[in-house]
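These are the structures in question, set out in turn.
In the two assemblies presented below, chain A is common to both, partnered first by chain B and then by chain C.
For the complex of A and B:
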């Protein structure tokens, strides 16, 4: 039961927020995270076209052997990605709350430029209270 | 609870086998010269104009590359663009049952490439994120779930199922240890790693079909 990290990807596939909470995954450079976020954006678009039955959403949960990525796509195209352990059951509710915090602390912030990296102390503290600095959650 | 389809890719990125079960949208046959190998699956090969059904069944099996059931010796179906002149003169009825169902918007060769691209990218992403030699297992969307099992020899078994099934990795492993080893690896008539043809043969197809239909997730 651990939350490893949170990404926010804008509608063009750029990583605008990335934060680690717990150890367990590799430590990557910010450049590598940017590349991964772009890849995920592309994969998400393809997965919605591969459906064998009718129309489909893009990938919602991607699982490895020890961790999973839960993806929340908002109607405006922003993606919230939560990296958690496989047994974490609260990923969906956490993402929904992250979205609320994003709406309150980022979108309502007059100094924030849309689609640009999020540098907002308010958002940081909201996320910290929501997920914690990590080690325990 | 449904199983939609099964793809097998070799280590050269080629789709070597395809089979489907409850797929609402039929795969559209691949375009000619579209990069799909012969002997992958009969339903999705580029449409040829052979009208004699005995020729078609003979062609479905790689064992009968020199079959003469129709009285004409035909080498292999490697040249779909140039069907035999004698057979061309007959009006070719296009596959009746298949064409009436809705087809997916993608031709099969493009679909197979997209599937391969997705699993390869996700595999690399999971490896990079974990920092270990960790495998990608599955992903889920609102309508389907894709499972991957990769063998040490680089064969990738991909299965699409209903979105709320549990992990089907063990099934893919069973296909590998059972039908695949028995009817493909130990089959001297199947040329593996040839980059020229798939591994489809009657025994493998029937045996895989039996295995899947015996599963509890299969309705």
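For the complex of A and C:
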């Protein structure tokens, strides 16, 4: 059980926050992260249109052989993406708490510009406490 | 530059770029600080009240709201907008802090009036703080409790300067969600609180210059010191009253 990384994607598909939580992960350049986040944004939009039975909010979990990607779409269109191991069960609750931290430390911060990259010390601290506890349990 | 009456406080402080009125807040800037929001009051007095509507905010009993609380989230968003609005209209950190101070001053004068009114109606022996230390204690406890729901965490006297006192708050609720960027690191949004303190002290007859400073510790990253520099006349009077 492990949490590998967290992405925050704004409603236009831009990556505004990206952070790794484990050592020895395969690294990508920041440009690659931006491209992948934009692609995921597109894929997510496609999955929301694919539903054969009524409307859908789009993909929530994408699983691979070695990892799992849990996506939380908020009502404002911001996406929180958590990359975890396959056995990680707490991804949903962690994402809810990340959303809460985002609402507090980012949206209530007068020095943050909406839709722009998140550079808020308060958010970093909140995430550190949050994911730190998420890993130990 | 056309000036909206409600913004008279902000615009007057922006026009005077010299720092003279910071040095002596009581001398020059008191007149501009007490401008009333005339826009809001006129329509309510002329239009008749439709039946069954909630009473005007000015007609509501003041004691009913004694224990009422305001949503911290709602205030955080409002304060965030206040800071953003102010930041767009200033040249530097000093200017921004001074404007936040001025906005807080308007709150403080009302806080003092409300508090005086409430103690008068509730206690048998209402008292006006006439000694400086008692006034500070009352700010530390009562003003803090009515504004922030808890007393401040410390009240200290400066070791170096006789005329400096400090109120310490380990985690000021109004700046809890604010992360100041590195290039503005000396900015403290608690200047707003400093303005409240300055107004209360002024109203009690202890003119002082009040500023806010970040003093983070490992345990309390948001620790803030409200520095009160009292005017000489106050100390002289205290000495005479001894």
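The rule is simple: the second predicted complex is superposed on the first by the 129 of 137 C-alpha atoms of A that agree within 3 Å, B and C clash if a C-alpha of one lies under 4 Å from a C-alpha of the other, contacts with A are read in each partner's own complex, and residues count from 1 in each chain.
Basically, contacts are C-beta pairs under 8 Å (C-beta built on N, C-alpha and C of every residue); 3 or more make two chains touch, one makes a residue touch a chain.
Since this is a predicted model, take the numbers as computed values, not measurements.
Which of chain B and chain C touches more residues of chain A: that partner is B. Legend: residue contacts after superposition of the two complexes on their common chain; A:43 is shown touching chain B, with no touch to chain C.
Of the two partner chains placed by the overlay, only chain B lies in contact with A:53; chain C stays clear of it.
Touch criterion met: A:123 reaches chain C, while chain B stays clear of it.
By the touch criterion defined above, A:67 reaches chain B but does not reach chain C. Look at A:99: by the touch rule set out above, it reaches neither chain B nor chain C. When the shared chain is aligned, chain B comes close enough to touch A:32, but chain C does not. Taken in their complex, chain C has these residues touching chain A: 73, 76-77, 79-84, 87, 177-181, 184, 189, 221.
Per the touch definition, chain A reaches chain C in the complex via residues 104-105, 107-111, 119-123, 125.
Here chain A touches chain B in the complex through residues 25-28, 32, 36, 39-40, 42-43, 46-67, 83, going by the rule given at the top. On the chain B side of its complex with chain A, the touching residues are 4-5, 20, 23-25, 104-106, 111, 114-115, 117-118, 121-122, 124-126, 128-132, 134-144, 146, 160.
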